[in-house]
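Below are the structure tokens for one structure; questions will follow.
Chain IDs A, B, C, D and E follow the sequence of writing; residue 1 opens each chain.
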Amino acid sequence: MDYTKQIQEIASKLFAEEKIDIFIGYRQNAFDDNQVPILVTVPADVPNLIFTDKSVLNLTNYLKFEHTRNKRVGIVVKGCDSRALNMLLTESQVKRENLYVIGINCTGVLNEKGEKAQNCLECVMPDAVVYDEMIGTPSGKKEYSVNVDVKELAAKGLVERGEYFQEIFENCIRCNACRHSCPLCYCTKCCIDQESAVLYNGSNTPSSAFHALMTWSLHLAGRCVDCRNCEKACPSHLPLHLLHKQNEMVIYENFQQHLAGMEKDDRGAFYKYSMKDPDDFIM
Amino acid sequence: MARVGVFTCFCGANIADFVDVPRVVEETRKIREVRCSIEYKYMCSDPGQQMIRDAIVQQRLTSVVVAACSPRMHEKTFRKALSDAGMNPYLLEVANIREHSSWVHQKDKKAATDKAIDLIRMAVAKSIANEQLYEISVPVTKRALVIGGGIAGIQAALDIADARIPVTLVEKSPSIGGRMAQLDETFPTLDCSQCILTPKMVDVASHPYIELIPYSEVIELDGFVGNYKAKIRKKASYVNFANCTGCGACWQKCPVKVPNEYNMNIDKRKAIYTPFPQAVPNKPVIDAAHCTMLLKGKCGICAKVCEKGAIDFKMQDEIIEREIGAVVVATGYDLWDPKPYEEYGVGRYKDIITSLEFERMVSANGPTGGVPQRPSDGKVPKTVVFIKCIGSRDEAKGIEYCSKICCMYTAKHAILLHHKVHDSHAYIFYMDIRAAGKGYEEFVKKAQVDTAATYLRGRVSKIYKKGDKLMVRGEDAQIGQLVEVEADLVVLATAIIAPKDNPNLARLLGISYDKYGYLSEAHPKLRPVETAKAGIFLAGCTQAPKDIPDTVAQASACAAKVCGLFSGDTMKKDPMVSKVNTEFCSGCQNCVTVCPYGAIVTEEIPMGHGSKEMRVVSKVNEGVCQGCGSCVAICRSMAINLSGFTDPQIINEIVAI
Amino acid sequence: MNFSVFETDKNGLQKFYEETIAKNETYAPVEKFGKYDYKKVSALPECDPDSPISLTMSVKPLFFPRSSKIMKYEENREGTIITETDEDPLAGKRVILGVKHCDARGLQVLDRVYKWDYIDADYQKRRENSVIISTRCNKADVNCFCTSLDYDVENSDAHDIRIINGLNEKIYIQAVTEKGEDLLKGVPGLQFSVCSSEVAGEESAKHFKAFDSSFRLKMNYKEVNEKLQNSFDSPEFDPASKNCISCNTCAFICPTCHCFKITDEKIKDTGIRYKSYDSCNNGYFTLMAGGHNPRPVKYRRWRQRAMHKFVYYKERFGVNLCVGCGHCAISCPVNISIFDVVNQVV
Amino acid sequence: MEQLLVPALCKIDKIIEETPDVLTYRLIFKDPEMFGKFKWLPGQFVEFSLLGRGECTFCISSSVTRPGYFDCSIKKAGVVTADIHTMLDEGMDVGIRGPYGNWFPVDDIKGKNLLFVGGGIGLAPLRSLIQYCIDNRNDYKDFTILYGARTSKDLCYKEEIEEWKNNPTLKVILTIDKPEETWKENVGVVPKILEEVVKPAIENTKVITCGPPIMIKYTLLSLDKLGFAPKDVITTLEMKMQCGLGKCGRCNIGSTYVCKDGPVFTYEQLKALPDEF
Amino acid sequence: METEVKETKGQVVSAENPGIVAPADWQPVIMGILCNWCSYAGSDLTGTSRIQYPPNIRIIRVPCSSRVDPWFIIKSLQTSADGVLISGCHPGDCHYISGNYYARRRFLVTKKLLNFVGYHENRIQFSWVSAAEGPKFAKVVAKVTEDIKKLGPLHKYKKENLK
């Protein structure tokens, strides 16, 4: 998967036609094979744009910052990113008319080890669902499968599973990078940081980390698109996807196979309901 | 400054017997914010309230916790006490130590006391986060909607309209009148049902403050008390009422015959029909399910004979919208179908009929001209067996409850039978005779003595045919022997059930209903007329089976409630509504989605102080908000909070124990 | 004063570590989820003193914990009681293995702020009671530039014992301070051959040369200090910080960042006051109650971060706050390096 | 235990309602020994703990020359201050750390004419200095106090101002922003009154000013216009602070720690700081 | 997969931390969050009917089950509570039309998530209790109390203040 050329062409064209003020894409990191985001504002920077199977980050995260606010933005989105974009559009965080979206029909990106990333192996929608222009051949919606790690953990006993998660909460350093790197965490002030709420847990104790991560994952339940920006950002390398994938699984299996961001105007599983929702867990 | 007063009630012995109140007082006094902790025999009594008022002033309290009965009971009382002392009434919290502690842990005083202390602790913690709230006033649309044109609806509509409040009366069938119009004479006075009902029906039609919309249904109700918006579907009648004079030429000439539901299908009516001669409005409608013109495009005789040209086969359903302030629901009742009583041969033997069928037969305007006849051969029955509690009080086949009126109308039927067929004899199988009511017991006596009806206590086990007679076999429990009666006709006193549409209607109105489908009142004793949704009231059998006097009384009560509601131009509303903190609102508008009342709208505010850039935030329409808190729980940034149940209040409660 | 120097090989070092762990309360990098963090260990296999710098958290939390209790208090009707019952879990005598040079240097830098004016007794105690055994990396990570900064680790007391990986496959264990000497002496059964400090010094210098040449990044910090001083109004801060997502990670894992916040957690009548990390990259860091915020936008916060690292701290305490460890660049979700930012501005 | 950050406990002796949103808390140390240790000069601040909610920085608004207690005047501005107002009652305990920061140069201004310019809650630190100077009246020459607020309700320390007015050695000028029916004194914003009514003499005068940022901004301009040298204008700076010890990094302006090197600065010093406050 | 609750004589073993035991007469604290219109009214009816139930539950009144934010559950479990019971109106009966439908979805996900990270599923329980179901409320409380008594004390992620 190498769409560098196409993206550069489109970006040049957009700048030439003055359709955009800023283009969000990937750039080769200077010293290793990783890619970093680049916010192109002048056509001269367009040649720095790149897109390969190392273009892992979800760039829609940049739509929540002041640099792109009320600007006309060109952006590159893969399947999962486009679902996040869908969420942002639905939740009125960006205006569609301000965006020029280059949708990638993604064949999966690689992790640090050069293997296909886990979320790409389990990806349900590799094709961009929102786009103005499409690159690559669509491969269509894939079968949903339960995350292997979730499956493995769920098969373990309660105590063992509890101990595993205890490690996670103990190793969390409460830097909140997960939250900041999540495109869907755009709140003006996160509830976990609100001193007015008696919720406030400023300390870095396992109980606080537990509280923060639980609240966070529940706020993303039915909205998370599994781009794993959070996991990539975590300085402690915590397997944060477990929480999201667990919620996703419960939601998929119980709420009409709901998956976040697949359609516009779908606000996520918690913002609608069905009479047929399971009731057997309630006395 | 948090200065909390705790007032613990003994509730006579109700609390004091099972909760160690002195210990409660002692423990609560230790709470840091508590400035005074006082106990009294009856906190809700005047001296009790005076203690609260005094303490508020003397101790400069900032909030008050009353530990007593359920807040659903006396919250209002104590709020009033607070206001009287010059304190904002919403600084009150009630700790429910009666229903939630003393009454349910009567065997363990220590545990009950511990729990009471914890409950008070929670209430104190919550009260510290209480804010001063002020009642919201909402403008009122002074028009009532009455759903159902039976005696309940008629009475309610007339009473409201007499107070010069406009009423829209919606009736499903072509005429108002309801069940009462089908009755012959009414117990216990045996006055003619039509004679007392018809004048009222005419009043409805001619009342300047009543808008009658027959042959229609309410299909949507939006809004909130004082400001509802109703959508009514007026079914196509295919007759232009404005032109129709009600001459009747059309239905006389109509060739299509259809079972007549007014007469319990004993005889036939036409495809274009008025339900009964005294119908109001006395205009025919076309039964689209049977009219050959509408079904096959052939016929059209009625149109030809109508001199006024009132027939309009192209007529469509019409949606009428009305802005209203209150709703009276009076949808009446249905009758239970006795089919499950197979051992009686229901369905097999034509001569087993239901009470209402009998009622129609004995009615002067009924299908048989007021003389009962056997459906099988048209003979006048001499021996009639009445069986009560068909479906009622029968968990196995029917329903658990007593239908309340069967005892009385069966007695009435025995008397009517005697009037119509002098040489007849009535046998009545019964379980109990329930004749509580003014003149009721006397009425039953009259049936037993004057008409010499034979009352047999016991259930009928079997009915079988013997020649052209029906053999009714049952037990006379009083003598403990089997009896068998050779009957010409068997009349089943079938149970009253809730209209099958009630659950749908309840959902549409946003009110609740019980497991039988009856609409639920707000409180079984103290608020039997209101529903839990403000501005919606219940009259008649839609709430529970009842007789005509009770129905009329409840209908008038509804009218009084509606008039009370409309007594001012604005209405006071609880301030427990959501509020948006625009500082934190990120404008995702999820709250707009989940609000069941459409109470949340969006507005644009500047990005920062004096900034020209705008951002979208949510805004709550206080008048519309009902305070459910759905928006609060889904707001991720905690930008929205529900006054009275804010996040800090609840979290204070959670961490207080 | 001359301290002991021993010469040994890999096995000998292992043995030394084992003995140290057995005799002392020891902290060392422990792997969890692919990342190393300094934790208490009871046996050598639990940890890896030679953990790669790019996967290792800094040693700072052992001296300035991510969260520490300031106090615990109880409130009742009569008033408040501050209960100082909890011991500082980090105050005891302990040994820290596998400290990187940049980290050790970071502690030296941190010392200055904690010794300035009000003396933070807890920090001092933790410092005094810790014996730091440091190892210089063999090879620099792509993001490292520690040798470019005021790198005087070689002959300073940033560490108490240093392990020198000789290019000749030999390993030298050298005590640098008295604490280190005491520890070395207190580990019995070490049959290492004594070696002169000159030899060790030479080997160290050779190793340093090889190490120094493995750096991708080089910085002339004096020039940076000078130029940055006048760059407060530089327009370059904005583009340089454009990619930043204000996630705070850099500050949390930085060995010298020392901003903190004080927060209370109170349940019922008992409260705990915590001192926990905070970051100047956090938009709410300087937000005042009335709504005024001196650093409301990203570039101002980045300016503060860069200037603090290379100008403000130096003005006050004479050294750069940045030690060139590259932790921030490694952990940054979008690979921003303070090196790049500073160079872009300068 | 982070000993440095552990507060001393004080009992709230009295709560005085100054304005609808400003309360003055009169505090007494629970440990009598603390009275000996706790010495402050006007302009210094304390870290005030509402236990369970956190710390806030407030200046001490009374003078050490009136011993046995000290005052903190707290305006409801954010969530913590709102909680302080709602949760604290007389007799309750609060935590106090301090005193921190520098102080008004009480020695340098000896023998000078003093002009105090205050606005709103900004009178709090000035009150400490005014009390100090009144109690050492002989050390200083002429006193002028110009104090303004948005409305007459928002004027703090009303009783004390009455006392000052009755003190023949003080000149007190009050102003409010907009006219009110019963208001008999000046109407207009502080800088305007400063220029038009007070018209201070420049010679041998030190100006001490404190108030909301917007007032400070225009007052400094007015003082410039009147010809005051920046070194003769002293103000206090409001900055988010947390530790008060020069450690936590919040109050950094350049290499200056406001909590250590401030909060009292001369206009001259302020001009030299990076523009980030 | 759920680990079996251990039966121990004379002691209750915490289901999550087998190392933690409590005496057999240990009493759990259960946080009950009830909706005002159905369950709270139902619990009042339990009281008026004098139906007895275990005294371990502490009741919080909220207007509707949809007011219950999952962090009420989390916060309860992190503080005093050993278990949580949330009760609302039966589906279709919500006083606020649809509140309990939204709540039901959140409850399921929250329960499963907490179970996933190591809480026994019986610690978080839900019920629909109508205003008329006084006896049912008593039964529900009795069941929840019994369930949680079996699970033993909860120590997971409790706030440090409580230790």
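What we mean here is this: a residue touches a chain if its C-beta (ideal position, glycine included) is under 8 Å from a C-beta of that chain, and two chains touch if they have at least 3 such contacts.
Everything numeric here is computed off the predicted structure, so don't read it as measured data.
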Request  = Identify the chains adjacent to both chain B and chain E in the sense defined at the top.
outcome  = A, C
Query = Starting at chain D, what is the smallest number of hops through touching chains needed to reach chain E?
reply = 2
Query = What chain lies closest to the overall centre, CA atoms only?
reply = E
Note = Note, CA centroid farthest from chain E's centroid sits on chain D
Task = Weigh A-B against B-D on C-beta contact pairs and write down the one with more.
result = A-B
Remark   = Whole-Å distance, C-alpha centre of chain A to that of chain E, is 34
Centre distance in Å when chain B and chain C are each reduced to the mean of their C-alpha atoms = 73
Inquiry  = On a C-alpha centroid basis, what's the spacing between chain C and chain E, in Å?
reply    = 46
Request  = Find every residue in chain E that makes contact with two or more other chains and list them.
outcome  = 75, 79-80, 92, 98, 102, 106, 159-160
Remark   = chain A residues touching 2+ other chains are 189, 196, 199, 205, 270-271
Note = Going by residue number, chain C touches two or more other chains at 75, 261, 263, 265-268, 271-272
Remark   = As the complex stands, chain B meets chain D at residues 1-3, 32-33, 35, 62, 128
Query = In their shared complex, at which residues does chain D touch chain B?
reply = 15, 85-90, 92
Request  = Can you check the complex and tell me which residues of chain E touch chain A?
outcome  = 1-3, 15-18, 70-71, 74-75, 78, 91-92, 98, 101-102, 104-120, 125-128, 140, 143, 156-160
Key: chain E-facing residues of chain A, complex   = 150, 153-159, 161-163, 165-166, 169, 199, 205-207, 210-211, 214-215, 217-218, 221-222, 242-243, 246-247, 250-251, 254-255, 269-271, 273-275, 277-279, 281-283
Query = Considering the complex alone, what residue numbers of chain C touch chain E?
reply = 72, 265-268, 270-272
